[in-house]
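Going by the order they are written in, the chains are A, B, C and D; count residues from 1 in each one.
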Amino acid sequence: MTTHTSTHASTIADEIAEKTFQDVSLCYQCGKCSAGCPVRYYMDVAPNKIVRFIQLGFYEEALKSSTPWLCAGCQTCSTRCPQEFDLAKFMDAVRELALEKGVKVKEQDILKFHKAFLHQIENFGRAYEVGLVAEYKLKTMHLFDDVDSAPGMIMKGKLKLLPHVIKGRKAVKDIFIKTAEKKQTKK
Amino acid sequence: MENNLKAGYFPGCSQTGTAREYDLSLRSVAEKLGTELTDVDDWNCCGATSAHVTNHTLANALAMRNIVQAEKQGLTEMVAPCAACYNRLIVSQHETQIHPELKKEIEAILDSKIENPVQVMNIVELFTKIGADKVKQAVVKDLKELNAACYYGCLLLRPSDITHFDDAEQPTSMEELIKLTGAKPVEWNFKVECCGAAHSIARKDIVVDLSKKILDDAVAHGANVMVVACPMCHTNLDMRQKAIKKEYPEHKEIPVLYLTELIGLALGMDEKELGINLHTVKFELKKETA
Amino acid sequence: MTEEKWEPKVVAFVCNWCTYTGADLAGTSRLKYPANMKMIRVMCSGGIDPVFIIKAFERGADGVLISGCHPGDCHYNAGNFHARRRWTMFHQLLEYLGIDKNRLQFSWVSASEGKKFVDVVSKVVNDVRELGPFKGYKELNSEFTAVVNGLKQEVNKAEAVNG
Amino acid sequence: MKIGVFICHCGENIGRTVDCPRVSKAAEWFPGVVHSVDYKYMCSDPGQNMIKDAIREKGLDAIVVGSCSPHMHEKTFRKAALDAGINPFLCEMANLREHVSWVHDDIEEATQKAIDLTRMAVEKVKRNQPLATIKVPVTKRTLVIGGGIAGIQAALDVANAGYEVVLVEKEPSIGGHMSQLSETFPTLDCSQCILTPRMVEVYQHPKIKLMTYSEVEKVEGFIGNFHVTIRQKARHIDASKCTGCGLCITKCPIRKKAFNSFEEGMAYRPAVYVPFPQAVPNIPVIDETVCTYYKNGKCGVCVKVCGREAIMFDQQDKLVTEEIGAIIMATGYKLYDISKKPDDSFIKGYGEYGYGKYKDVIDGLQFERIASASGPTSGEFKRPSDGKEPKKVVFIQCVGSRDDSKGFSYCSKICCMYTAKHAMLYKHKVHDGEAYVFYMDIRSGGKMYEEFVRRAIEEDGVKYVRGRVSKVYEQNGKYIVKGEDTIAGMPVEIEADMVVLATAMIAQENASTLAQTVGIPYDKYGFFNEAHPKLRPIESTTGGIFLAGACQSPKDIPESVAMASAAAAKTMVLFGSDMLEREPVVARVNELLCGGCFYCRKVCPYSAIEVREIKDRNGVVIKEVAYVNDGLCQGCGTCTATCPSKSVELMGFTNEQIFAQIAAL
């Protein structure tokens, strides 16, 4: 069942327009984006339908779908869209909104991965892969995936046991703090 | 050699870790071609997919800090060999250029003016800059035994109106480049098909499927090696072949080289020097018989 | 409107076929724009003599707009071409004389561009409003006319040479 | 001079925002105004009578009507002035509706502006001169450019009405795209069967001068009096001798070099050829670019076989001039080229469908040729790559249309219909075959059109999938078509043997150049512009030049034909009188002032300015001055702005009149 949350009708579409500098009404629902999307088969809803949901004000449906999280950001859709609608960027905005609005994200693993990744940058200024994998595994409790590759990688010098910490670590941390603050004040 | 190129270098996180051989091979090839690479001072991670999929402002700020660092260093050109970094940097640069409010916001966050004069290049553009003639002259080994499927992935070319680099659907610039080494490019279907990119860890299943499809098509069109220009692509196409093999035991393995490695081989460097021995799928050139 | 408040006066010379009709369309579409501008209709932008502009400034205009058909769309094939050449030169001259370029603006508005007409008018009126009243004419008067005539000769020569 | 001012309320249209009584009161005080009134509807009969009565009773010399745009009612009020006995050009209008009441909200501001505009009109009309309309003769001959179905129809209609026609076609034969079609929607009758008789009729018509392999090079003059220069390209065959026996064609040894454009590249033609068997005229053309004779002077087989000695290797292009009264543009369209890459042209191209890399990914016209009984496969469904019968065909609609990013924003209007036709024709011949159509919307407005599409679906079992295709690629000899059914919300992948792209109908090559040559406007896509989208769809904005068929916008055959007949009717309206009345807005030279510099001649776009010698009593030339030919002058005024000594003026828009308006600001 769909609940029509049209009371916020303009708000989310507007927020997306603000974040992506484009209007969702551009999309005429041809479906070319979905047709070419490499991860289409894994999504619960076709990418074009997420746009449709936003056009019609079915926000909940859009924000809780797995589709934005499965979107790999490959921009195949944006490149081929006949209306020059940048769907990849639109997906970025939907995810961001889902986080801001505290919607329960279906693809928890993916979210945890992104969080772990950003956490590394926040702390060290750069992605620290061992830490990333460790943090991700702890978060998701997928402790034994990928054991096939990790140890070999350390031997090959591909994974360093200690993170590289950049000098501008504080500057980077600041970026995180400031962008987070901005979100607070906006709400 | 005269007219040697000087360019900034933004290694990106992968090159210090999983893609160590990309860094290694790029540095040695550049040196051999008389190109001087200057690392960007104290660069930080561009935020990769994780930043822009979750926080637009953060993504732009992380990327732009690097541009500012490069600016401060007086760099005018800078190569970002990782397609994802390249994409993040060039897109953020573009966005801050066309949206003044965003630029102001980022400047406030970074506490620094953004002048934006640094021209960001991808790896293929770097070689174009160095010059086909120069590369060709330096080739000492004919790689005619290689039938290569050039894989551009998604981020090298897109968004095409920002990258302005090659044809978005049927690119040929990598092919033109490897022809200089004697390697033969194959015509195939998935030059620009996505391999699942950042889902490598969280949704390995997806990456395994997508990568398999891409590799199979290359093999079906007669390739005996794949050439990539991105550490993420390499991870997915090379490292994931183990998992692919597990799921599809009949899978036919195909080695995956970085563009710089392939060129390095043609310039006479050996596999080890280029880090090719670090790959999951083994690759070695046939030993000279003569 | 209070008596003291200065309101910019703008004169527009527009061609009959494109811009005048475009202005009609703005009307039929009920679009709104500032009432500060008055239009003088000529048949083609090619027929607008620089002297008209001088006269307009002399008569207290604070700004002048010249508008005709898009290049290639001229009702008379090439009239606006001549206009364009003439105006690029004239514009430079104005600047040389110390008159802000924004006091004299050019645009192409086709018969179907009612909205664009409104945008153009609003922009000109705004720009002129920002510049304030035009007082320069009296100081320049004689010099001005002489230079304009000189300029016309130059333009004519250039046109004669380039065909 | 006694001037009357008439302010119109236009019901509420003006009256709501402009205080009309106040305007008319204010006008009473303008110098020269002796009479000023306002009234509800000035253009109504009582309104006009009011004007006429005032002119007669008050002895007015000139009038100003403050009402709507002159484009709306200038003629009405001029006529009223004339009826009341004053020269119609002593009437001016102030545009208080389109330029005041409809565009401003503030009553005070609007009223003030209305007063100003009225004052300006009064000042202008004081300086108006009585003018007489100009009469020019009409040449009753029509030029039709383009010999597709639209041009053919227009030429026949005009000729059958008894007027002479010159039909110019750039190809060696008339027929246009219709000659390439197999069967036509919505009735599925054979295209050639209905077209060929018309082509022959054109050829045999005593009133039609047919010039094929020819192009219009220059158009001078104006409505009723065009001088047209036409280039007849060298056929290298003497048309007066050739019998069309075709021996040269069958014997020519060059068989596999030339791209056969009639067969859309799916076959070759010899160096000497007619485009297709039913060509009209049936006279071959030698293609210099492939003929061996032009390379090395050898061969000459055709010369040997031709019993009529008709081959003329040294024939040259010929320039012909024609006197013409009206022109009908019927140059048609072309298809968006799927094989184009972005750098080839403004077309961005469909790399995701292979940029013409795949032989069995074809366009609509190629499909027509395959389906045509006279085509390269004799109407059997064989795909170009290997001649096998395709068992699964995918049709993709809107390729290049409705695509802001890679093509054109407009809908090509006919491709929904021809795709339904194609799928149907295919199913009729390949019974066990499957046909899929990817569409976004089905646009089938027209008599029996929707029924036609339904028939394809219901009776012939064509499967329609709603969604745009993202990619086509080849795998193991099949074309994988990746789409999404947006209704089911499911991805769809079809393994097809052949893919047909319904590519956009776009403006003819060089349409914009031709438009500039004849002097008509065109839109941003290169289609010719009509004078009014609803009320004058057949006319261009240039007098005497009419539009027919797909050169104006995408059209099917019935619409092209309807438009052609309408254009023909329009020329006949023009030919209904011997003389044409024109507004006297023309330039006049003051011979006393004119210094003979002739800058004006340089800039006049119509070459309307001539040189006149001024002689003294003894017949000695004392000076040369400019002289304007009324017949040619179109009244643009460019000369007036150019003249350094102000010796040339545009009637109705003199410097004095304009200065007066400026002064009245």
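Note that in this section contacts are C-beta pairs under 8 Å (C-beta built on N, C-alpha and C of every residue); 3 or more make two chains touch, one makes a residue touch a chain.
What you see is a predicted model, and the numbers here were worked out from it, not measured in a lab.
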Decide which interface, A-D or A-B, involves more C-beta pairs in contact, and give its chain pair. A-B
When centres are defined as mean Cα positions, the distance from chain A to chain B in whole Å is 22
Rounded to the nearest Å, the gap separating the Cα centres of chain B and chain D is 51
In whole angstrom, what separates the CA-based centres of chain C and chain D? 31
Residue numbers in chain B touching 2 or more other chains? 168-169
Could you check chain A for residues that touch two or more other chains and list them? 76
Check each residue of chain C and list the ones that touch at least two other chains. none
Chains touch in the following pairs A-B, A-D, B-D, C-D
Please give the residue numbers of chain A that touch chain B in the complex, ascending. 19, 21, 38-39, 42, 70-76, 78-79, 86, 91-93, 95-96, 99, 107, 109-110, 112-115, 117-118, 120-121, 125-127, 129, 133, 136, 140, 145-146, 148-149, 153, 156-160, 164, 166-168, 171-172, 174-176, 178-179, 182-183
Help me check something: in the complex, which residues belonging to chain D touch chain B? 341-342, 350-352, 354-355, 357, 473-476
Note: in the complex, chain D contacts chain A through residues 352, 398, 402-407, 440, 466-471, 482-486, 489-492
The chain B residues in contact with chain A across the complex are 13-14, 16-20, 42-45, 47-58, 61-62, 65, 69, 99, 105, 108-110, 154-155, 157-160, 168-169, 192-199, 201-204, 206, 210, 239, 242-243, 278, 280
In their shared complex, at which residues does chain A touch chain D? 28-37, 40-41, 45-46, 48-49, 76, 80-84
